[in-house]
């Protein structure tokens, strides 16, 4: 790996300064990760190489007695589903002791374990404190998931796993390694979308009709405001919650290429008229008084609570909202999802911001890599999906995943699945924020926040983003991705 | 503050009369008003936290200002059990107690020698300590983590005490050295003539003489170490190991996934009460300590 | 005898110096080295890159959006916060010690001064995160926030852009909280110093016809000069470490749009986004920043001690 650097010099230095390291560095744990792998060797010795055999019962050669540690990020979906998937795993390997740990601050607790070469066998690497996949992949700390794709499904020995996944799933989990090749490292498990949530109950009660265009939405907002409800609230302090409204409007207005050009850091990508149109639309929300007072200072739980209390009509959140707020949501609330309605003159009005999410990976240094792969196979099986669907109420990346979902109990889920079915062919995702977190967190997010709160106008927003994108493009130290 | 300076206050003025010279009167109204305002700014928010800690989550939002309709004591049990505020508190007391004691011992030893003995590297050591006041602790964190870990002290109270002490030395040495310099030389000489060795001179003569200065620097150190946030966050990984500052922070962060605002408020009240009690008990000593230290 | 003295000096210095060298000096030297590498925190094969990180921090848009505001904010805090705290604390201390009505030529503090001293000090014993969470709830941006509820009670509408989410005032609010929690301590500290000034000095000054205000500036302040200097240094250290409050209180920990960024927070950001070398470089910037300010302020405040 990275042969152009000088491993000897670095190796010596780190061997001197790094010590036996097994414990944690708290929030700042990450810098330690590299040091240890430096000690171990600069080479790619990450774990055993596992290949899928034709054995449908045990394609990866799992040692039936080896324990398995599963780490779950208990954010939007909790961890109950994993407990149920455990029983599926244990039907084939009854002697294996499976431990499921739910960890919120992944960085603090896991970085030292990666560093100490004692990572868990399966990791759901998500949440505000996730360790970027790219960082771990660069150090060969994820195991290649190709064997999983080649393995037969648990339900039908004649069908391979790669054939049951939605298109785009493998692509979204494939990363460039340091030697320039691309491998499939991350299984994104959920198939979900972002959009505007509303309460059908509230709409019925106030006799509002669901808008199909941006102009209709604006008329409706004026009505909503007149009826004493705030049309919108949103999560102001975590600005990535606002991204969806912007990318959906721009993508619908100008087509998918608008987003692709942005992702590919094309010069002037942000100066596209559709980008400006989307920004102006968002800017106008606050200008017209359509936003619940103080939304820019609310975190996601606060803004969602206000929306559940029907203080605001719409809220932009991802597909997990129904599950996240299940403790306070009543069924008669009848939550519904719609994509942000298209601006006038949109060329791609059916586009939805949808795709695979929630990445699971098998750490290369785990004690039970085979078991980790097998666990993913369990997750993708009919029973595994059922367990997830029942608890987490979210479709998975397996085709036809709607079967087994508790659609009748979860009105929000039902409406999302409907949208995924009707508009699935127009699904798109913006990658720039994930590919270049410095841009997403340092430039784009703050600029979006200021656009929403009207501290910046649309032109200033575009200018700030273009400037930031240019800075990424001209920075040689940043590895560029292409789609 | 613009008062009529031409109306000097007479020493013989009688009490409580409006005929008082303007200066005192205006100043009194102004100062009382301002003092009262500041007191309100402190009491009201704290009282609000206490009140909120007794409410249900729902009530906090529907009626943020009113008294609790029902006193939800269970918020406190929940906070105590779930967050382990009691442990955080004990950990903090232990570490700050040990840290300040060790800081004062090592700090006064170094300061004493540097202030009152001449030797070759005196200036060098003194500057080395004092320069530490300018180091941002953050800069040292990552290497420090490895050092503490290498010593086998990661996640231990003792390790944290050593780190607190090391990082309190610059300030402590700086002020105690200045203080030791002001102590009269005559007493020391007399003691030496009486046959007291250097050690006895330090522990039996100089330390008692410097008591006031020591107390005042110790108070600064208690305040400083009590408020440490970064060091425990990094050097005390793992659950149940938290100190108050990072413990409350992690309770606040977990709100993102499992909102329990009343529980958070209850945790804060639990965290505040012992500090409050300790302060009320010791405030006389604190003030006395600072008074003594103020004159040099 | 000489030997024994040497032994004594060594025995007293060895522990503090060793502890200090291991825990403070050596990590700082290491961090200086890291700041000149391309260490991300995870790449084993990092190499020496000279001053690249520093160049990036100041000139690359992606980095300067963090660093430049942070430098400005720390400079602002470093100047404004200690001045305000010291001014308020001195004023309160003067009130509590000398501000009261005179009775039979006795100098006294205002009524209730004991009560004030207890109350004002209290925020200082609260843990900094408790303070942050408390004020976060007070400044909550919608109508459920404490401050907004109070305003609503007296008929003032909710501030539309929130409090901590208003880029124009968020830093001021952070500073206000810092002031809120430290004034009490310095009040007690100064009033301790004031009470050790013999009351005859005041009485003499007042008999000379000086007003309280004049007395304060002509008598009290010069005699308190050393205490003020001590307070200044300690407050300066606190001002540079505003990180804890920014971390707990502000949106996106330094936002909105970097308008409450401080250097500690920027370091934290780079550590936690796998740019450890950049984080170290920010720390080095902070070091030289502090060094400059200390030099300047030492020069500015150098003066003779006042004896009495």
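Letters are used for the chains, namely A, B and C, taken in the order the chains are written, and counting of residues starts over at 1 for each.
Just so we're on the same page, a residue touches a chain if its C-beta (ideal position, glycine included) is under 8 Å from a C-beta of that chain, and two chains touch if they have at least 3 such contacts.
Just so we're on the same page, UniProt names per chain: A = N-acetylglucosamine transport system substrate-binding protein; B, C = N-acetylglucosamine transport system permease protein.
Because the structure is predicted, anything quoted here is derived from the model rather than measured.
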Grab the C-alpha centre of each chain and report whichever is closest to the global C-alpha centre. C
Would you mind checking which pair of chains has the most C-beta pairs in contact? B-C
Compute the distance, rounded to whole Å, between the mean C-alpha positions of chain A and chain B. 43
From the mean C-alpha coordinate of chain B to that of chain C, what's the distance rounded to whole Å? 13
Dist(centroid_CA(chain A), centroid_CA(chain C)) in Å evaluates to 39
Multi-chain contact residues (two or more partners), chain C: 30, 145, 268, 271, 276
Could you pull out the residues of chain A that touch at least 2 other chains? 17, 27-28, 31-32, 35
Residues touching two or more other chains, restricted to chain B: which are they? 61, 141-143
Can you name the residues of chain C that touch chain B in the complex? 4-6, 8-9, 12-13, 15-17, 19-20, 22-28, 30-31, 34, 88, 91-92, 95-96, 99-105, 110-112, 115-130, 132-135, 137-138, 144-146, 149-150, 153, 180, 183-185, 188-189, 191-193, 195-196, 203, 206-207, 209-214, 226-227, 230, 233-234, 237, 240-241, 243-244, 247-248, 263-264, 267-268, 271, 276, 279-280, 283-284, 286-287, 290-291, 294
Complex interface listing, chain C residues touching chain A: 30, 38-47, 56, 60-62, 65-66, 139-143, 145, 148, 158-165, 167, 251-252, 255-258, 268, 271-274, 276
Contacting residues of chain A [partner chain C, same complex]: 1-2, 5-7, 9-11, 14, 17, 27-28, 30-35, 37-39, 42, 107, 129, 132, 135-136, 138-139, 236-239, 292-298, 302, 306, 437-439, 441-443, 445-447, 449-450, 453, 455, 467-468, 470-472, 475, 477
Interface with chain C, chain B side, in the complex: residues 1, 3-5, 7-9, 11-13, 15-16, 20, 23-24, 27-28, 31-32, 34-35, 38-39, 41-43, 45-46, 48-49, 52, 60-61, 64-65, 92, 106-107, 109-110, 112-114, 117, 119, 125, 128-129, 132-144, 147-148, 162-163, 165-167, 169-171, 173, 175, 197-199, 202, 220, 223-224, 226-227, 229-230, 244-246, 248-249, 252, 261, 264-265, 268, 271-272, 275-276, 278-280, 283, 286-287, 290-296
